[in-house]
């Protein structure tokens, strides 16, 4: 409460909290009174209380992401794909590789073979592409999904692709092993609700300017609808400086998320930096920081890619990176990643 | 090109540009070579060129939002609602008022009457509410739209409400005079495409961290699908400081948008500040800066509102603000707003 | 405390607070324990407590800027210059005008005369200029101060100029009526301490990325050293978008500061926008939002200015703006600025 | 130039550039004219040209930090301390450890011994502390430097400490082996000029919201005054989210700086995260990303430290981290750090 709040104002706030079905504990200090509200607070936003007369400030003590929080679920969640690939816990990091967008079958198969042969477990590729401008290439749609399916059949790699439209949910589920919710849709609540109603694993990218709490609340929404197979993916955030990098790679959220949540967390070095020559060092840094997977853009000729070329590794650099990751993973038993 | 780029690299870039159907003009300097690409460049992202060997930096000279740009359309666009309310040009600013979310019919009617009587021309009210957490109040849905319709019939105010799901487009169009695309959906390209296929006026809020260019490109997408009735709405951006305000009110974009674009631009003081006691001074500032409308949250008892209470004006403060706006509008003939 | 904190951890935190000379009030809840520390808390940072075993989060309830806060000083402080010019309270807004940097005497006198004739009360002009790069024009130094002094004598305008080096304090005090601490020096604590030991009025610009609280704590430092004549100046902040403006004009801090603090607050439209064609609308918006002054860059030929040309008004535009401000000020009696 | 710029405007811009002593190359396109200015452009800011009539946009092609740029100095600079400790190039990363602030001699010696024994090469410790609020502990001053000197003599560790006041330069030089310029002083140009006139190695921390370019220009300023012994130190930046971390650790600038500049770059995990339990994973990540050193806060009882406790490692955690860094360094020959 404000230092000068009246007794009537204080009582009115207490009654308001009781009316919402919560209990109160009240601290009447010399200078200020502090009221604690105890109960199912995640249904209410803090701002709802800030408008009451005499209130100075409202602070949430418990995290609002109950299902996603490690407070309520101590052990790491393992998200498994086809009972085969396992994200999370002490499983070795899973590498997902592939082009930004699926361009044609031949190209995709070439990438898938290299990915498989280098040790990646999953193939990525956009069939539906979010583009800032309306006249740019937006993906092959269903045909792109069919190409991914063909690559999956040939190589045995599992497949992940982005879903943008809730009306496409059956289609994308049919052809993929994991649904990707992109950064721009992290607060597309309609879409989150829909993927939450499926039982497909969901790769949930962090929004460009989403706080850690908003990101975990987006995961919470998917879990609240019934789907617990959520993998969090950091992909760089928007800050005041993008002259030399596309985004700011927020690597510290990897160990942070592993403390706050039981869900697996992976890293996207391609979008996080936007520069292929930073992808390799930052991928290795993410692994050492505790990332449980990587999603990397790879293309035989990045300079010919229809999107995201500057941040895409060619085959040679990708193979080299995969070898180096192997070496790091081999010493990570002695280098405790989670602390 | 890089200072040390080879002749072969330069020629390869030139050929790449020609292959995309554009022309080139080449400046071979003492230190560096600069290549200008001339043609339909809005189909391509600048990054596509950054990956080519020997390229240092790619700069877009022309704005990528051709349809929304004042370069291509010199006169102000007037968006009219029911041939009656007019946004843009030299028309007096239009005030849209109402609750954050529609809560019940009685409440909404009370607000609508006050809005009408104070000089507002449109009624706002959320029937579908985006909420960060999954267990919060998400609006009354269709029932909320019906209440808006009832208020419209009684008061004659036109109605705007948010659309979140592309599958709701017919429903929301049926009951409203203008569709609102919220800040979190500013880059929900699926939704933008759908509202672009209607002929309803669209209130396009700026995303929490959207650049001016991304915002205009979102408008461009709606226009590219055929709907030119776009009104831009600044509603505050996310910055490093949100201790005392919810967002940072970016008032300078009002005169900036009026220079860059021919579309009307309005201002939302409620979300921009998040504090009711800042709503009034910032509303007046926005009008003086050239805003062609305001959208203001009003509620008979803000402290009882199910959402956004802290940023909501009560009736007394709203009426006072409307009077003060009138006074400012009356001197704006002598105070040139657009410069 | 953490939900699982032990009794021993709780007691240890309580003892720690007592050892610092503060009292405690303890709330033992079903889920979590909350400890309130009561006493001279502005000597301690919240982080100091966050490291104690079992602590989840530390929140400061009282503002740390005691001297600058309106909580401790209800009436507006009036800062007066030479017992003549008055900033703050209900005094009409004071306009400070002049070039970014003092370039030569003739030029400065021409500007000073226009400023005087248009109704400005003070002349600004940099003699010591902070420049990002080391090989740029850094001002005329003492000669610049002498030119300012000459212009003061001729026109009767009071003079403000930036101080960058604590060793220059006597020099700058000798030739000016107010010391300016620039945005880049807002947390140059050495410099703040020195200006705090003088009795000159201080124009304290907000840092490029300073929070409102850090800004008020910088004022607090000057006041803590004995100088209460502090005028706060918002000059735009750094955000994620600077493509079309140099900074983001944070106009909402004007009414916010007027609530949080008793000190006068003025606005710098030139740095806040960086574009001369936004200076006029944003100046007027700031006045309507409650700014108690403006500091505006003016130059006879902005395109020839040695610094800040793009954000500088020419004489014609400045005179027009001054007229429009007069009109707005004349209606502000009816338009309540502080609410 | 603007699309509609006149021939006279274009010629006027060309003449303006010639008057500054630079040459021009002009591209007269169908839509727009592009003028290239060639010469000593680092003396001018781009904005100086933006105000000229008819100019749409000014882009700097060459980097403005000539001395610090790898373009002008291809080989890595090695900064050596006392001809013994070597930062940069292929030298193994140098660890600097110590308390945030020097508190007393006994404490400092205990830390210095642990640092030495664990493999650190340098001791850090603040004698002059920048503090946001005016009534907090600001360091022991000269006494703190004397304690550092004593610890240096006993352990043989080299010493670094922060300089805040240009008048302290002789004092701080006398007792230390390297001068630290703190984040808040990265654009204190007075201080940069002074440290540039010494021949002491300088640890230049990145400002809280400094762009990479501003940071390199601060290094450029020191070098321009004659001191080439500059070590860059990333320490986290300010972004929109600081709920769970103090700053955002910008690890990608490590490989970026190694490409843009020849100067050594090190990392401060303590300030970058603000949480001791993130210090270890992020330190290892920084090493793998190519950091040429680390500066880590260590204290026997972080919960009793007078400043920065929450981000400080205790002895046990520090020793464990040093062992793990050793393991990583031993495989880095096979894991190419600079790519």
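The first chain written gets the first letter, and so on, giving A, B, C and D; residue counts start at 1 in each chain.
Convention: a residue touches a chain if its C-beta (ideal position, glycine included) is under 8 Å from a C-beta of that chain, and two chains touch if they have at least 3 such contacts.
Predicted model, so just to flag it, every value in this text is computed and none were measured.
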(message) Taking touch as defined above, what minimum step count separates chain A and chain C?
(response) 1
(message) I want to compare two interfaces, C-D and B-D. Which one has more contacting C-beta pairs?
(response) C-D
(request) State, to the nearest whole Å, the distance from the C-alpha centre of chain B to the C-alpha centre of chain C. (result) 31
(message) Can you compute the centre-to-centre distance for chain C and chain D, using the mean CA position of each chain? Integer Å is fine.
(response) 27
(request) State, to the nearest whole Å, the distance from the C-alpha centre of chain B to the C-alpha centre of chain D. (result) 39
(request) Quick one: which residues in chain A touch 2 or more of the other chains? (result) 209, 238-240
(request) Going by the contact rule at the top, pick out the chain A residues touching chain D in the complex. (result) 209, 211-213, 237, 239-241, 243-245, 248-256, 259-260, 272-273, 275, 277-278, 280-282, 284-290, 320, 324, 327-328, 331, 334-339
(request) Can you check the complex and tell me which residues of chain D touch chain C? (result) 16, 42-45, 47-48, 50-53, 64-65, 130-136, 164-167, 184-185, 187-190, 208-209, 214, 217, 220-221, 224-225, 238, 246, 274, 276, 302-303, 305-312
(message) Which residues of chain B touch chain D once you look at their complex with the stated criterion?
(response) 3, 25, 27, 29-32, 34, 36, 38, 56-57, 59, 61-62, 71, 209, 238-240, 242
